[in-house]
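Below, each structure is written out as structure tokens.
In the two complexes below, chain A is the common chain; its partner is chain B in one and chain C in the other.
Coming up: the complex of A and B.
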């Protein structure tokens, strides 16, 4: 299995290296779909320049990445291209290993269930052969590395790739059952962009199940575990925040990074839902809707965790999808991360409704983004409504896809397919 | 959504769509064509109206008196031009300065990738001269442009004369709120491109521009040219403004060289407006600027070219009247408070007084595009239902999918590489072709392009057999699904940027995409496929365009014209960044090759 993975990595790195050398790189780095005000490389360079001059990088209203990132690139700025390629490789390998481990567990459960003859006859088609499961990790790595979205994001040197790597490492360590590392990577991801905070719930669910601790609010063992995890998580978050403070010597970065993410002052068009809405809104409603929009992202955690508490890995996937759709400055790189998980649930795809329609819409929208942008900004013949219409359609398709995916997954488990066979559950 | 989420109704709908797929497709195609032809029928179109408040009425008193003097200046210019043997820069600078303008010159030089045989130029060197009339009562933040090209030979002297005459007259008026830039550009579009690259912003932001072409002392009608680079059009209000003033002053005005007629209900009246609209569609589809204004559009400047035409009509208009027409238009443009944006940017004009907006013409394209989606749905259903005979569909499809990815990917990559070759080789192999064949530069480029194009057809297209053994039924269906969706997205995007190009490509490529399978008779289908390929479409378009202009040509001349159109396309791309050539070479042609591939699938 190592050979195809190596080939894949070489292919992916070659494509990226070739694109870095081509004239397309500059064009891609300017696309609003690929870079956001948070992740744009141009802004990181600006921040570095300010840092070199001895000014706080947050002095202007340009740089909004976290202090750790800027210190990372302080040393690596000459090797930026290599850094971004390596980051993508790390993400892919982490996802590969995570899914491999996860599949092993799924397969073990399935075998026990088969031996206990707990499979109803009508769901034999959901039993997954070792052969088809054998290729899934490779497919996941391929979906991530060869996804045009990831390639664009990497070529644009969007720091979104780094966030994805951190999240992928978090998923890997969680699935491997390493509580400490899981907490550290989760806090790193939270430190980077706040929203991964919602991944707390699936991580806790998964780790408790793995350690055979029942999710029962009246049991001390459960609370003890939660407290341990919270301590590790908050502790490492505290360390990172203090480290940032000592590196910069000021708290400037807090409003400039987290305030910027939460209060959405930059309304540059992107593929998200915020910019148009807040550009059109009367000023005195702004705070109210800001709260509504932001709470919206975090709110799904509760119902989803209740509904999917038996399937924490699927819950991670759902949360990633929700974040990448509703976050304040989404880019295609965020979408690429959750799209990489699709092969894991490939056996359910036949049951997805309208999957054809939704995929066509996503495809068409991806092509229409630059076209309508051209018509709006360069030709001046279309306007922002055209572009937002496509944004809206793109997100509706994503939501549609996510919702049907959840529905099918739940239906599969509730009607006994998966539940009884324990095909997808971990415990 | 109810229809799609109820499984029974959903199944019924899908089975209906797959059972009646072919008839529905045929009906959609017919409906699309009929809808498009209906666009030229006057009751279905809208009358043009002025949307911009600031230009609401034509209540301006035009008093331009010095037409005769302008003509004399034009003659003087012609004499100096002949003496210098090119652009009389010194004389122009002196004359403009005498008229109280701030004068600047700009020299430029550009080397074409290969000699342009139509205009006989290769290493172009030239000078633009422009004078700015500063607005007496406003900051220098906004400007209008009036330009006239300085062409070789005896053309366009009157336009330069009139431009200088207007400059002198405008100078004495006090009501200007915007700077007015009088530009005389050499080497038509190349000079204009050089000027725009350098001078965006020197005279404040330019709000509108008119380019004037006038080659005789009296004219019979004025023609309005709108089509710009990549099929971009100026805001419809600019056309409305021109039409309104022509009506007021009593100048005959045309679009595409066609007068307006009132007998829309007769057959000849209808065919006249179809002709006018088709001319606009063909010109727009070509993606090239049809006048010197064409490059302004990409900088967000609304611009048009106004041409004086002298034909054999009795009704003559003198230079005084044309001067008054331009004066009126500039005074109205002077009133603008913001850029023209109220009216339409996407429209077709079957006559100068009627237009078809995007909402009316897009359904014609939509009906064609829907065929692709229906075919894709049909293929999807065929692919999703497990093949008869195998019980455990899961394992089977899983096994079939993996080699399929390769057998689909290979033709995709090969056809795109052919496309890349078609894009790069003609210009890069020019030298080599010149050494080995007795051809001129332009011929070398064009013939290389045609050779690469034909070689693409002859490539071994059954590469999937080396990868995965025999091609399967399943294999070509997947490839066709990919190709059909690819074509749908491609045409959709093209139609948004340049409706005419998208529609013409859809007319020819959609039938190909709909009917091709490996099971249709090979020879006749291959023939049809070649006839409907992009290159042949271009050939037919050349003849059709000549036919529309009522100057039919023989096949021999047509072929020569065809070759020059291709070379112009390549030149336009490298000089002004026209997108048609790369679009055809890098996307449309590879997409068509995929269908060619499917036909010869074994």
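Coming up: the complex of A and C.
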């Protein structure tokens, strides 16, 4: 599997390098769908300039990334393009390895379940063959690297690529079963943007199941594991925050980064739901609806965890989808990450009824975004409602696809208690 | 396997129910308190009970009167038995509905012989004016109080037909009546004196009608006769500041080149008065000259007097066309007093104003209530028919300022009602207003300020109570509290007779209450009816709540069905 992967990596790097050298790089770096006030490269450069001047980079409300990013780029600013390409490569390789390991486990479970003869005979079509599952990791890497969203995000030098890399590493370490590294990468991801906190639940579920600890609220072993994980997670988070404080010398990055994410003061249009709503909201209700919208992201963790207890990796996929749809400043880079997981459950796509509709809507909306933006801002013949309509449609399509995936996955897993057949051994 | 198959669906439904319940729990436990806290209207605490107490306006006006007996009015042994203080109060209910009562308190101190030596020296001989002046140098009476000197009937200090002489400062000379001369006891003397001292007090400090007029904003008064209506509408309402504008109207600059030393005249004539009125309000003065400003009325030529005349009926039409051309100091919200000096053009000179009885008005001026005054200054005497136009004319500011000063006094509310019979009022001091006249003004202004501030505060409190949508910020609450405190202090000072402090507190109370009442931050959520709030919530929350409610209902019906099955199985 190394050779096709290497080929894929070379192809991806070539495409990105070619685009970097072309004139499209500047154009893409300004698109609001690709960069947000949190992730724009222009702002990182501004923060670096302020840092060189000796002023706090958070003065002036321009820079909203975390201090570790700015110190990373303090050393790497001349090699920025290479850094982002390497980041994408790391993400793809991490996803590749993670999915490969996950597939091994799925195979093992199928084998045991088939031996225990738990399958009713009419579900055999859901059983997956190793040949299908052989190419899935490569497909995942390809879905990520060759996804136009990812390429656009990388060419724009959006720091979303770094966030994706951290989350991919987290997924890799979780699936491998390394509790400490999983906690560290999760805290790093939370430190970058607050929302990956919801990935704690699936991580806990997966790790407890991998270590054969029953997920039962009355068992002490479960709570002991949770305490260990929480300690590692909070400890590394604390270390990172204090490290940022010592590097920067003041606490003013806290309101600039986390206050900015949570209180959404910047209402630049993007592909999310916040900007239009809060542009028209009455001042009196702003705090209430802000709380509602932010709670909305964390709201689905507990019910989904209850429903998808047996499928933590699918839960990770769901949570990533929820985060990238409902976060305060989404970009196409966030979407690219969870779209990369689609091949893992490709055996269910046969049952998704509206996959054609959803895919067409997503493609059409992606094409319409720049068109309506041009009409609104440059030609002046449209207004914000047009752009927001496309945003809404885009998000509705994503949500619709997410919901049907969940339904089909649950149905497939419950009907007859399906576990994959193991008549063929793992290679 | 079959048992497993039976167990699995219930596990799935159990999980589904648990998920739905957790959603409902989050919505109810976190959502509802969050909604309650973040959407409540911020209302700072107001001292409502104190405001309600203030609503029953019960003012007690207390004036200190010091009565000094001269030699010859009381016998020495009576002098020893004179009581030191005597308090007399009079309660008037102004308006039963609004529970406004005024309680006039007259604290009379009877002084035996403290300063009577000087007085005695004037009793037999001397002029009242000199007496008044020298008596004043002996004891400076504080603002709001009076000193009444009682002189014997036989004294020649006062002319024959005069019983009371009201001085420039806060003193009065009272002549004892002839009725009680022989064998009168102290009680008879005192009972004879009290109503007369009271009359002096009513002239010099305040009377029931004055105070009721000051409360005309708050209390509906009976109309009365035409003069009293005109009198009550003449003076400007109490305001923290006034703008005075002097304008010289020259309709004919080709004929007359007018020079007026307005700065010097203002310094000499107006400033002393305004300096004395400084505790009442701030004054700012400006002046201007308007060219080609005509009166809106064509004067009629009266051949019998060979002069042009303006009837009293046409005076009302004079002001409007001129007013449009007068500049005004737009930067302040204080009321403006306009004083116009009109020099008629060469073709319409001389111009005289006639009153209702078709007689010439000697001052050739008229004033408009709550607006200002206009004086017509004829200059045709200054040049002959063969003079070279334009003619340089210097205006005699003394005459002009005399008229304007009188009008200023009237417009500011210094009363000009005729004194009662057998009273002689001293001519005004150089400042243009006597101390007791100033006191009168201060009494009525204090009461007016207190009444207005009380009305403002009580109506604001009522409004805030009735409309729950009004945001009460901390600064509003602070203004209201300071207004209430100032009002309470002002009422207390009026009770104890410290007029100057009462006026100051009443001015502070008015400023704070107006600032609180007209603050724009009150209106942030005013036109936000509750049904519009639901229009904001429903599009978001109703679609979200429908599946939750449905699943909850399903859980309840499933539970009920299971219970029924269990009962059926048990039976």
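The criterion applied here is as follows: the second predicted complex is superposed on the first by the 417 of 427 C-alpha atoms of A that agree within 3 Å, B and C clash if a C-alpha of one lies under 4 Å from a C-alpha of the other, contacts with A are read in each partner's own complex, and residues count from 1 in each chain.
In this text, a residue touches a chain if its C-beta (ideal position, glycine included) is under 8 Å from a C-beta of that chain, and two chains touch if they have at least 3 such contacts.
Since the model is a prediction, treat every value here as computed from it, not as a measurement.
A.B. asks: Putting chain B and chain C onto chain A via the overlay, clash or fit?
C.D. replies: fit
A.B. asks: Under the stated touch criterion, which partner chain does A:71 make contact with: chain B (first), chain C (second), both, or neither?
C.D. replies: neither
A.B. asks: Taking the superposition on A as described, I'd like to know which of chain B and chain C A:287 touches: first, second, both or neither.
C.D. replies: Touch status of A:287: second partner only.
A.B. asks: For A:295, using the defined touch cut-off, is the partner it touches chain B, chain C, both, or neither? Pick first, second, both or neither.
C.D. replies: A:295: touches chain C, not chain B.
A.B. asks: Just chain B (first), just chain C (second), both, or neither: which does A:351 touch?
C.D. replies: After superposition on chain A, A:351 lies in contact with neither partner.
A.B. asks: One more residue to check, A:307. First (chain B), second (chain C), both or neither?
C.D. replies: After superposition on chain A, A:307 lies in contact with chain C alone.
A.B. asks: Could you look at A:107 and tell me whether it touches chain B, chain C, both or neither (first, second, both, neither)?
C.D. replies: The answer is neither, since A:107 touches no partner chain.
A.B. asks: Give one of first, second, both or neither to describe whether A:245 is in contact with chain B, with chain C, with both, or with none.
C.D. replies: So A:245 meets neither chain B nor chain C here.
A.B. asks: Of all C-alpha distances between chain B and chain C after superposition, which is the least, in Å?
C.D. replies: Distance of closest C-alpha approach: 14 Å.
A.B. asks: Which positions of chain A sit in both the chain B and the chain C interface?
C.D. replies: None.
A.B. asks: Which stretch or stretches of chain A touch chain C in the complex?
C.D. replies: 117-118, 282-285, 287-289, 291-292, 295, 299, 302-304, 306-307, 309, 414, 417
A.B. asks: What residues on chain B touch chain A, complex-wise?
C.D. replies: It comes out as residues 4-5, 10, 232-233, 297-298, 300, 339, 341, 345-346, 373, 376-377, 380, 384, 392-395, 398, 402, 485, 488-490, 492-493, 496-497.
A.B. asks: Which of the residues in chain C end up touching chain A in this complex?
C.D. replies: Those in contact with chain A are residues 1, 4-5, 8, 12, 15-16, 18-20, 22-23, 26, 30-31, 34-35, 38-39, 41, 524-525, 528, 536, 540.
A.B. asks: Would you pull the chain A residues touching chain B in the complex into a rising list?
C.D. replies: 125, 129, 131-132, 135, 347, 350, 353-354, 356-357, 360, 363-364, 367-368, 371-372, 374-375, 378-382
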